[in-house]
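Below you'll find the structures, each written out as structure tokens.
Next, two complexes with chain A in common: one pairs it with chain B, the other with chain C.
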Partner chain A sequence: MINKRNMATYGIALVFILALNFLLPRMMPGDPLMAIYGEDALIQMTPELKAHLVERFALDEPIWSQLGAYFWGLLRGDLGHSYYYNAPVSEVILGRLPWTCLLVGSSLVLSTVLGVVLGIESGWRRGRKLDKSLLTGLMALGGFPDFFLGIVLLLVFGVTLGLLPLAGALTPYAELSGLALSLDILKHLLLPLASLTLCHIGGSYLLTRNTMITVMQEPYILTARAKGLSDSQIRYHHAGRNSMLPVFTRTGMWLGRLVTGALFVEMVFAYPGLGYLTYEALLARDYPVLQGVLLMVAVFVLVANLLVDLTYPKLDPRASYAH
Partner chain B sequence: MLRIEGLNVSYDSERILNGIDLEVKAGETLAIIGESGAGKTTLGLSIMGLLNGNARGRIAFDGVDLLSLSKDEMRELRWNRIAMVFQNDEDVLNPVHTVLGQVLEPMVEHRLKNKEEAEQRASQLLSEAGLSSDKFYAYPYQLSGGEQQRALVAMAWANEPELIILDEPLSSLDAVSRLEMMELLKRMGRGRTILVVTHDITAAANLATSIATMYGGRIVERGATPAVLYNPRHPYTRALLRSYPGMATGKDLQGIKGRMTRGVSGCPFHPRCTQAIEICRREVPLLVKYRERLIACHRGGIIPALSVKGMSKSFGSVKAVDNVSLVIDGGGTLALVGQSGSGKTTLAKAITGIIKADAGDVYLEGEKVSRRGKDFYRRVQMIFQKPGEALSHRLSVLEAVKEPLDIQGIETEAKRINRVKKVLEEVELSTSADFLEEYPHHLSGGELQRVTIARALVLDPQVLIADEPTSFLDSSVQAKILKLLLNLQEQRGLSMLFITHDIAVARKISDRMAVMLGGKIIEEGQSSGILASPAHPYTQSLLKAAQGNSQLG
Partner chain C sequence: MHISPKRELKRSSLGRVGIVLIVLVLILAIFAPLLVRYEPSGQTASAFESPSLEHWLGTNHVGQDIWSQLAYGARTSLLVGFSVAVFSVLLSALIGASAALVGDRYDRIVMRIVDALIVIPVVIVLVLLAAYIKPGIGYIIVILSLLGWQFGARVVRAQTLVLKEEMHVAAAKSFGASNFYLIFRHIIPDLGPILLVQFVYAARRAIFMEAGLAFLGIADPSIISWGMMMHDALGFCYLDVWRWCLIPPGVALSLTVLSITFIGHAFEPVLDPRLRGEAGA
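Then we have the complex of A and B:
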């Protein structure tokens, strides 16, 4: 079970990340305001605005007061202001987050579930035809980068066949609602989701299959067979259940990369997620947004790890026993 | 209930089981004993139909050949009619499911009961198996080895199978849990047919009504439990029992020479057997009926190396030896125990022909000895009580030990000297030129006795008659001589008649014991049996005297 010491570790990591996020722009040479806001912002900056910002970040005060001001801002959910989007950073990020969650979340679930199921079936039939074809096929798919798969899918289904939309997450200005809206979202989601899923399925498949092969040698599988259980009961309840464990850890780690995981695919499909936002912010040197995304990613990684730590013992009771 | 005929099992090209014939009757508990690697577990798995290897032959269960059943028919049979308690190594139970869940699973999966009924029955079985109720929902790793074993037992009983196979059911347990587990298995096993696969003789003795010994993938002996344990007739069964540290046995532990090897032609045990002859190397012995049991041995089991029938010898009106009959097992020790004047030495001398008996015959490997010529002494040798007197003081060590070879006219001089050196090494004496030139009066008592042993062994005899060989030695030297004799027995299969007045010494060295009083054998049997419950008052008094003498234990 997760204990106080583990929690303390997470606390320390969080403080460290926040401190880094605070220190980095201030350690850069030159004007900290420029480091915080980028060159673009300085061009349109009036002396009044500058004075306002200096006061807000307590830049004329000692470093401890600056740190205090920084944390106070964070607590209020204030991640700064983006001059490129002319909106608060938190608003910009929150606007994009649902799309990323939808795309990356569903691809994560899909690739994991499919990978585990295929891995179990493949490992069960080790060396037979299905196993061999799955192994070859999924390894080949996993070898392509996700944006490449995305481009191919886009060309085939979007451009040549014209079945699915080319870009975006919604049909603009369509003012759809209800079922039509859901269908529209799904249509836009399909291609990026497919490219991400196809690309990531190989990892969880291979991991499951290999664990499955090891697990099949375990004495408890022989016990299960001796009990005259059906093949599917042995395959899923006994072998599969144990083969899932490392995949679960791996997926948990991927969860942390949810935010940026889809950067290239989002670019290819101009999907308005956090990845695409990062790309735009990079091009525009929109430092506040970049910093906000960085913070988000870091916090996500921590939370994902915490979730894995908390749920793993439910899957593998031995984990709460070991230290 | 279960009848196995000509079962052969091989993995890849390696034969694991060879022509197994075995019958288990309903309600019987059969133990299969043998060293690891003998194929015991493979036998259990082939009955369950869980082999990865290739099985040929017939496994008839209730008249149906299991090997001919389809995958689904076999699956239906498993656990419902034949269940198994696996050896509790690591992870025999699935680590991610609760104990109760694993016990109820076969009932639910075979659709015998719904979930609630199965849960009830599983709890009942677990309590019956002695698992406390707070552990029902525990995971296997949270249980001790003993508790896991209890869960495995409850699980095997879940679907009320007729036949249960227990694979090393006590191996992971400490002494106290073992006892509890044995009681439990006895209690729960009532009315069921059980096959116990084990290397643990105590488990076999306590649980089984009959025992089959397995070696190199073959059954070599099969009989009722007490008969097999108290009077093993196959050399391997005896060797296995001799190497097992039981509380009842007095004889020092002896191993079995060599190692188990696979792919041996002929009898699988012949490379390690001390009574192997030509045919053992060539042909596989069949499991045939021999008195009340089955034995697979070309020589009909342990041979009678030397037997004496109706031997008598009187000196005037004193009957020193009065109608004595004895059998010395091949590779075994018979201790002849009795006080001075009971006729032990006279008997030994009459057997070896030093004095002429009035009546009675001696048989060597079943053949009557009509005259004692050179070839008799090549096979039977004697060690005397007083080594100093037994060796001529005018012969050096080399000459004394070489003399029997000279008399027998064996080989050339150089080869004889080599044989002398070899046998001196065997009895742990020096083979340096200086030592070979020594004369008896320069040697210590222990060295002298070793020289007489070497002299007796140089002809490679089958039978050694040792008359109080250690009574003149102090106990530390005696211990070494006894160990030496036991070792020689293990390596060469030496058969011994060990004559002693000291029942404590007899206990350490003998398999069987004969007690002599007034020229007669008054009690004879397995040493452990005689020591545990002596029948004759004289034996009882001997034992009492020995216990009184040794307050140390």
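Then we have the complex of A and C:
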């Protein structure tokens, strides 16, 4: 049950990212090796490493062989060589990936669940006090840039109150294990998670609320009422379930936004995920790492979208009759 | 189009708050030279002074007056927001409307590209591009516009498909009007309110991204921007004084983005009239 149209979309997106990654350094003026690695790194490289890299990516050959070498490398999981970390880019990225997955994953779950529940309650009580205050409050939160919200939380809870750690994902050299380790991870996760989630609840909340308002005017709600169903049954079973659908289809898109948000939030908290890696790579002008992160994130978001497409008919059986 | 954005804005109290805020920021930006006492990039005092009568918001790490920088930073934010919004709405209108008018294969290809651009995490692409090009403000505006039209194009296309069937457009077509003529004489004027909403969204995204990029340290150092002020301040987080440098640009940026969010929300009934009647909200 894969939608052909969506597959084309993902294909184009992937080609766009790959083309950008391949062409950008090669379009820059000067030696391709210099464009890929930057001037500073090139001066410090040994001739052997230079020769090895030129050969590995076929940089002295025509563009088509370079393209071939690039794709062959990708297929083998070779994202290039990071000079700054002196390690394969894939290794550097994989080392950071779990932290971002933890942060973004928990934030996605939390913001979606909270957003949907609040959106249902809010849409149900449209125009009443709770609805108005939720609407204003969550929209105001969404208006904050996530990095500034992170900084404010850091100042209040980390610096002023001293309740939570200021940076990192683990207490260094603490050698914790078991429950203490989980608690330590949780403590470090709390502030970045809060900033990311608070900024992004608004999206799923507003969407659920708006759909809820529309759904509430549907005849089947009237029918449900006429049948004498209880309020909570109508709210969650009839109206709520249908209001969730648009939120679900946008999960992939939100994942992209959350990863972007994580980029800034991780930087504020020095949380060692992909976002912080991007920042470090920017400072060190470590272009291969930047490219690797872009490719990795893009593939993740595309796969998430694909999974959403695949599971959607299960949530909304109407979708499988359509087309 | 029976719904006037102006009326929607008047009806919504959040919208009114947004307008007041954005007008304040506009005044700050336009009259910046009259409102400040110091050159924003001039070294006017010792570093990290606390707020005083001389320096209302204190000074930063090289002794520049933060209030002056804040006022001039408003110019950067609004300039980027406004220009990107103009360009990307224009692109949205051209591409979305032409896709709907031409139809067929062109429509299908364009819409796949639009969808693909919506799926891609744009900020990370921006970071990569910016890292290579080390862009000035003009480049930033161009790149943000080129990566910001896709959301509006979808809405414009959907609305144009409806408009296409309307009598006056069909009549113009039967007199031999070209698609180009149709877009500029009929579609764009008719879609005015919808384009306005897209303009608001695009401006919000652009201001946000410009600040974000500068916050990451990707910006022209000669241009004062709120994001860069925060970036500089964060570098001194081991000192206690950094709050004086950090909070003002953060609050200014948040208020600007917030005001646009509120205005955008007030406009939402333009896109979906069923949301109307949010008395007070």
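Simple rule for what comes next: the second predicted complex is superposed on the first by the 300 of 323 C-alpha atoms of A that agree within 3 Å, B and C clash if a C-alpha of one lies under 4 Å from a C-alpha of the other, contacts with A are read in each partner's own complex, and residues count from 1 in each chain.
In this section, a contact is a pair of C-beta atoms (placed from the backbone, for glycine too) under 8 Å apart; a residue touches a chain by one contact, two chains touch by 3 or more.
Remember, predicted model here, so these are calculated numbers, not experimental data.
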Touching partner for A:Tyr271 - first (chain B), second (chain C), both, neither: neither
Touching partner for A:Ile17 - first (chain B), second (chain C), both, neither: second
Which superposed partner A:Val152 touches (first chain B, second chain C, both, neither): second
Touched partner set for A:Trp99, first chain B, second chain C, both or neither: neither
Partner chain in contact with A:Ser230 - chain B first, chain C second, else both or neither: first
Which superposed partner A:Leu290 touches (first chain B, second chain C, both, neither): second
First, second, both or neither for A:Leu222, with chain B first and chain C second: first
Chain C versus chain B, contacts on chain A by residue: C
Partner chain(s) touched by A:Phe248 [first = chain B, second = chain C, both, neither]: neither
Footprint of chain B on chain A - complex, ascending: 218-220, 222-230, 233, 237-238, 241-242, 315-318, 321
Chain B residues within the chain A interface of the complex: 48, 50, 74-80, 83-84, 86, 89-97, 105-106, 109-110, 139, 141-142, 155
Parts of chain A lying in touch with chain C, wherever the complex brings them together: 5-6, 8-10, 12-13, 16-17, 20-21, 24-25, 28, 35, 126-127, 131-132, 135-136, 139-140, 142-145, 147-148, 151-152, 155, 210, 213-214, 217, 252-253, 256-257, 259-260, 263-264, 267-268, 278-279, 282-283, 285, 287, 290-291, 293-294, 297-298, 301-302, 305
Footprint of chain A on chain C - complex, ascending: 14, 112-113, 115-125, 127-129, 131-132, 208, 211-212, 215-218, 230, 234, 243, 246, 250, 253-254, 257-258, 260-262, 265, 268, 272, 274-275, 277-281
